[in-house]
Amino acid sequence: MTAAPTTLDQGNAPAGEDATLSAIYSLLALTMRYPEAASCNEQLFDTLESLLVSLDWSGERAAFQDWRRRSADPLDDLRTAYTRLFINAVPHVTVPPYASVYLDGSGMLQGPTTERTRDFYRAHGYDLASETEPADHLALELDFLAALTSEGRDEAEEVFLRTLFRPWFTRFKERCTQEVRHPFYMVSIQLIDFFTKEEQ
Amino acid sequence: MQYGMVIDVDRCVGCHACVIACKAEWEVPTQFDRNWVHRLGPSITSDGMAATYYPGLCNHCAEPPCVPVCPADPVSVTFKDAKTGKTVTMEVGATWKDPFNGTVQVDTERCIGCGACRDACPYNARFVNEALADDHSLGKVDKCTYCMPRVAEGLEPACVQTCLARARIFGDLDDPNSEVSQYVKKGAVGLTSQAVQIGPHGLYFASKKGDRELLMQAAPQEMPKVSMRRSMLTKMSIVAKNQVKEIGLLGLAGGLLVKSLQDDEK
Amino acid sequence: MASNLTRRNFLKAASLAAASVPLSKVAARAQSGVVKAPLVAPGSFKDTQTAVGGLCEMCFWRCQLVGKVRDGRLVKLEGNPKSVDNGVSLCARGNAGVAMLYDPDRLKYPLKNVGKRGAPKWQRISWEEALDTCASKLKTIVDRDGAKGLCFFGHGSHAKYLMDFLERTVGTPNVSEASFFQCRGVRDTAYLTTLEIAPDENVDMANAKVIFLTGMHIGENIHLSHVKNYLRGLERGAKLVVVDPRYSASAAKSHIWVPIRPGTDTAMLLAIMNYLIENEKYNVDFVDEYGEGFEEFAEGIKEWTLEKAAAECDVPAAQIKEVADLLAANMPHVAIHPGRHTTWYGTDFQRSRALACLTGLLGAIGCKGGLVIPKKPKGLAKVNWPHLEHEEDIVLRELAEKHYFAPPGAPTELLRDAAITGEPYPIKGCVICGQNIIQCMPNQEKTIKMLEQMEFVLCVDIMPTDSTMYADILLPDCSYLEKGDIVKTGQQWDLSEEPQQYIAPRMALVAPGFERKDSIWITNEIAKRMGYGDKIPAQSQEELADKALAGVNLSLAKIKAEGGIHVQPGEDPYNNIEDLTVYFYSEDMEDEDYPPVPTYTPVERPPEGFVRLVYGRTPLHTFNRTANNPWLVNEAPINPLWVNDKLAARLGLKEGDTIKLVNQDGVTSRTTTTVKVTPGIREDVVYMYHGYGTRNPEMTNAVDRGIDDTSLITRIAVDPESGAHGMRNNFVKIMKAS
């Protein structure tokens, strides 16, 4: 039935590529966690910039550089932005980064999709290390993808992306397009989109 | 056996607990309702000022118009009577009236989401959840099931259990000693009208004339027209969709088929 | 974005630094492959555990709950089958607790405002930083201005521990509870003055021959076992009398509906009592035995003939007589309902006193069907913050020489004025817990002014309500499903049944997510940092409950093992009136220059072109508290304005028209609502549900839905005896919105 010519890495990609992809997933997961001094620093910003250079996203890179230049306290700046976008916000409504909000028909956390996501983690040998956030938080899903690809499990990665990640991320991204103005988060969401979408 | 639900509106206070309990029990998405509560009045009736409530749900009718319009390919299903162990085998589409307990049920797997049954119901008791669309369907229909899975475990329907007024009474209308039968003797009736007489098993009891009037005014006044052509188009489109997909022309062909459905809707 | 670069191509490039992975590796489970999504929900009874010991707090009645939990996720809430109170039933809000629990708009982490009060910019901070800030700011104010430099507004069981810390131990007198000053405090103090009984809503409706309600819209007001009590009375043949300008849910079940002119209920009550006295139809023996000052009372209300009241109340004299005769024919088994939300016009102490006198006049106390106080279990230990000696016990109302019959705490209006003016002393620190003071108190501009002049505002809540927009620090409380903080006790609701008592401590049904903390922990942490660590009565919520339960040889563990509720044989609640006195004439009141006999004061009538705005409850919401709940919003998204059909015709309004309101002070509603045209309401009044029209965009389901009635209540009416706020004294014009 799945004869569609739309899979991601078909079967066995070279190990080097998997390692790189895993690293990218981890990096992107980092951008979607609450900014902390230890990890949210110049090294991170440099890394993201070099990604933008490699991808040849010159517009995005310019905006990102501009923000870096103008921001007196990037960490403080990011913490306010993150809180506004993903925790509790004014003047706009939040963009909750949880699958169940977009897929389960009630806009609630901890829906059936959350259950299925956690079951998927467990079926593949992973579980949450803490119960603070629901299983379907964007950062956790990216961490999981990093874990899968680090083990070269491309098929599982493809299935997860297709059935549990992309269906909600596309809607999340749409909302972000309306709500997100901060160059850092515009970049991170676009990067996540690029690295998780199907290729024609 | 014919299960039925009596609503005693003398007791009902219109609190909507029944709606929310059902929603929680069956994880119904927020914008849909398997059951509902409408406030009627205050209005002037032939008996003075009156106000009451219309808690509604699927009536599991004697002659359900939703069953014959289902275009899903019929399959053979064997039903078993929970009490006697007796069995009977019938050809059914994706929805049917149970031969033993009289409830109307849906096979969600086989439903193709065409909406014909939803359109056929004069009480608007069914809805189609398009978020559940897959390769074989445009969505899945859903409705009140009289909580048969709960009843099978010896539990009351969720709405009956939560009702703080004890205004919902559930049981076998064919059993002359059941509480629902006593209500029938007291005068509980379904919401019928001249044009809509399909034998509802949701019955309403009100001792006040004004309340009875308001309820009968809330009954559907006409039978909906169902487009058989649309449901058949849906059916065909799913099959055609699969064929076309294999040739890789999905994008183009799907566009054509979807457009023709929309044309039919107009 | 440039080029045709694909992910595949890109990955052939250089490697990058990886970050740490917070997912832990566990042994793979036996199953493999993708878990197929079930198309049909399995039902709450499948693969779930039943968590016991829940106590609802969607409203404040506190029904007893169990939760159906699947793998840590709450699927459904149900009544606890062991409950002799609500049984297995729950109302719509109780059922919707699941949606509250998982509302993505709920507060999750401690937040600091790095923007302005009223237009906040939030930043997530650590608990350490949040608590340090709170303690240091509060302590600075206390050290400089005294404990009276702080004020507290709170509601519900979440707030009690924090309030007691601030009031008893730290010693601030500026505590103003909404439930007292904007709701039922005036009722209690009026009944205490008259009967020395705090009535709550303890009328034995299940066994009454007549149920008499003034404005009490049972049915739209859902307190579960109270509704059961009422319905049983009706089923047993009680005659229901409803005095209400609107054909409410209870009017719809009534035998007599008195569509009274708003603000005139006291006149009707006085006329009923006068008629009963003049015709010797009152309970003579009872009054002889228990009454005080009866002759002066009878003399004092003599002017209230049926005709005089009929003219004032705009109802036929014959109908008032019919009601009086019905009460007399069935006394003493009549339930004169004390009401609940009783702060209507600023004349409410006198009205409540009239109700209490009527109850005494009919002898309807302690008997079947009357005012009967249930017998709750005794012996639970009182565990609380110690009441410390304070240098000065400043009482605002004593300083103002007002409100001598106020409920506990500070009358809100005096508190607000003191904060804004700085007289008689400055109030620079504000703590708000579980209350939306913006929507709760009349004249929102004043509330905002009060908050803006504070040096520090701390809010503790579960939802980002309008109030929280003014917080400097905003702390995420646990909801009632995630914490345990009180013990509910009571008796079975049908008092004529075999007496049973219950003890139901609240226990968490699920673990709190994110970094939410219960308000007992929050209070203790602040207390420690302020130097009161040695005064802490309980180190945790569990310890608080266990200490209280130890007084009756119980514990959380024991009660959990019993299914979450301890039930024991109870006591007969009837006929406990040996010490009763009915003060028909109150010398205490006379001493303070208040009318000693219940007295009617007319209220202003609507000016030409205006109608009175009256508000109430919907069974789907507990005002703004549940305004964001998606399931409840879906059922009652808006608060339609009830408009009399004749008035609507004159104004050219049709059912469903979208309208705005403008009040007598020229204040226009910020948002709109729709019109409900009905003959079931008088022409001089319009009605809507309270709690809508949220202005905080963070409540994504609630924001801007319907009209915020409080925004139109700008003219204040303070009850002189109690200091409570009357809020039905504002008038509106209806304007069509395009």
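Here are a few things to note about the model shown:
The chains carry the letters A, B and C, assigned in the order they are written, with residues numbered from 1 in each.
Quick note on the criterion: a contact is a pair of C-beta atoms (placed from the backbone, for glycine too) under 8 Å apart; a residue touches a chain by one contact, two chains touch by 3 or more.
A quick note: this is a predicted structure, and the numbers were derived from the prediction, not measured.
Taking the CA centroid of subunit B as reference, the farthest chain centroid is that of A. Of the two chain pairs considered here, A-C and B-C, the higher C-beta contact count falls to A-C. In whole angstrom, the spacing between the mean C-alpha positions of subunit A and subunit B is 41. If each chain is reduced to the centroid of its CA atoms, subunit A and subunit C end up 43 Å from each other. With centres taken as mean Cα positions, subunit C sits 38 Å from subunit B.
The set of subunit B residues touching two or more other chains comprises 27-28, 30-31.
Looking at subunit A, residues 106-107, 111-112 sit in touch with two or more other chains.
Across the assembly, subunit C contributes 41, 99, 630-631 as residues in contact with two or more other chains.
If you check the complex, the residues on subunit A that touch subunit B are 1, 3-5, 103-107, 111-112. Within the complex formed with subunit C, the residues of subunit B that make contact are 10-11, 13-17, 19-21, 23-28, 30-31, 37, 41-44, 49-52, 108-109, 132, 140, 149-150, 153, 155, 158, 161-166. The residues of subunit C lying in touch with subunit B in their complex are 39-46, 75-79, 86, 88-92, 94-96, 98-99, 218-219, 222, 224, 227-228, 231, 234-235, 247, 249, 251-253, 257, 619-620, 630-632, 634-636, 678-681. Within the complex formed with subunit A, the subunit C residues making contact are 1-3, 5-8, 10-29, 31-35, 37, 41, 70-74, 99, 101-105, 107-109, 111, 114-115, 119-124, 464, 469, 511, 513-515, 630-631, 696-698, 700-701, 703. Against subunit C, in their complex, subunit A makes its touches with residues 8-9, 13, 16-17, 19-24, 26-27, 29-30, 34, 39, 43, 47, 50-51, 54-60, 76, 79-80, 82-84, 87-94, 96, 98, 100-101, 106-112, 114-116, 118-134, 140, 143-144, 146-147, 159, 163, 190, 194-195, 197, 199.
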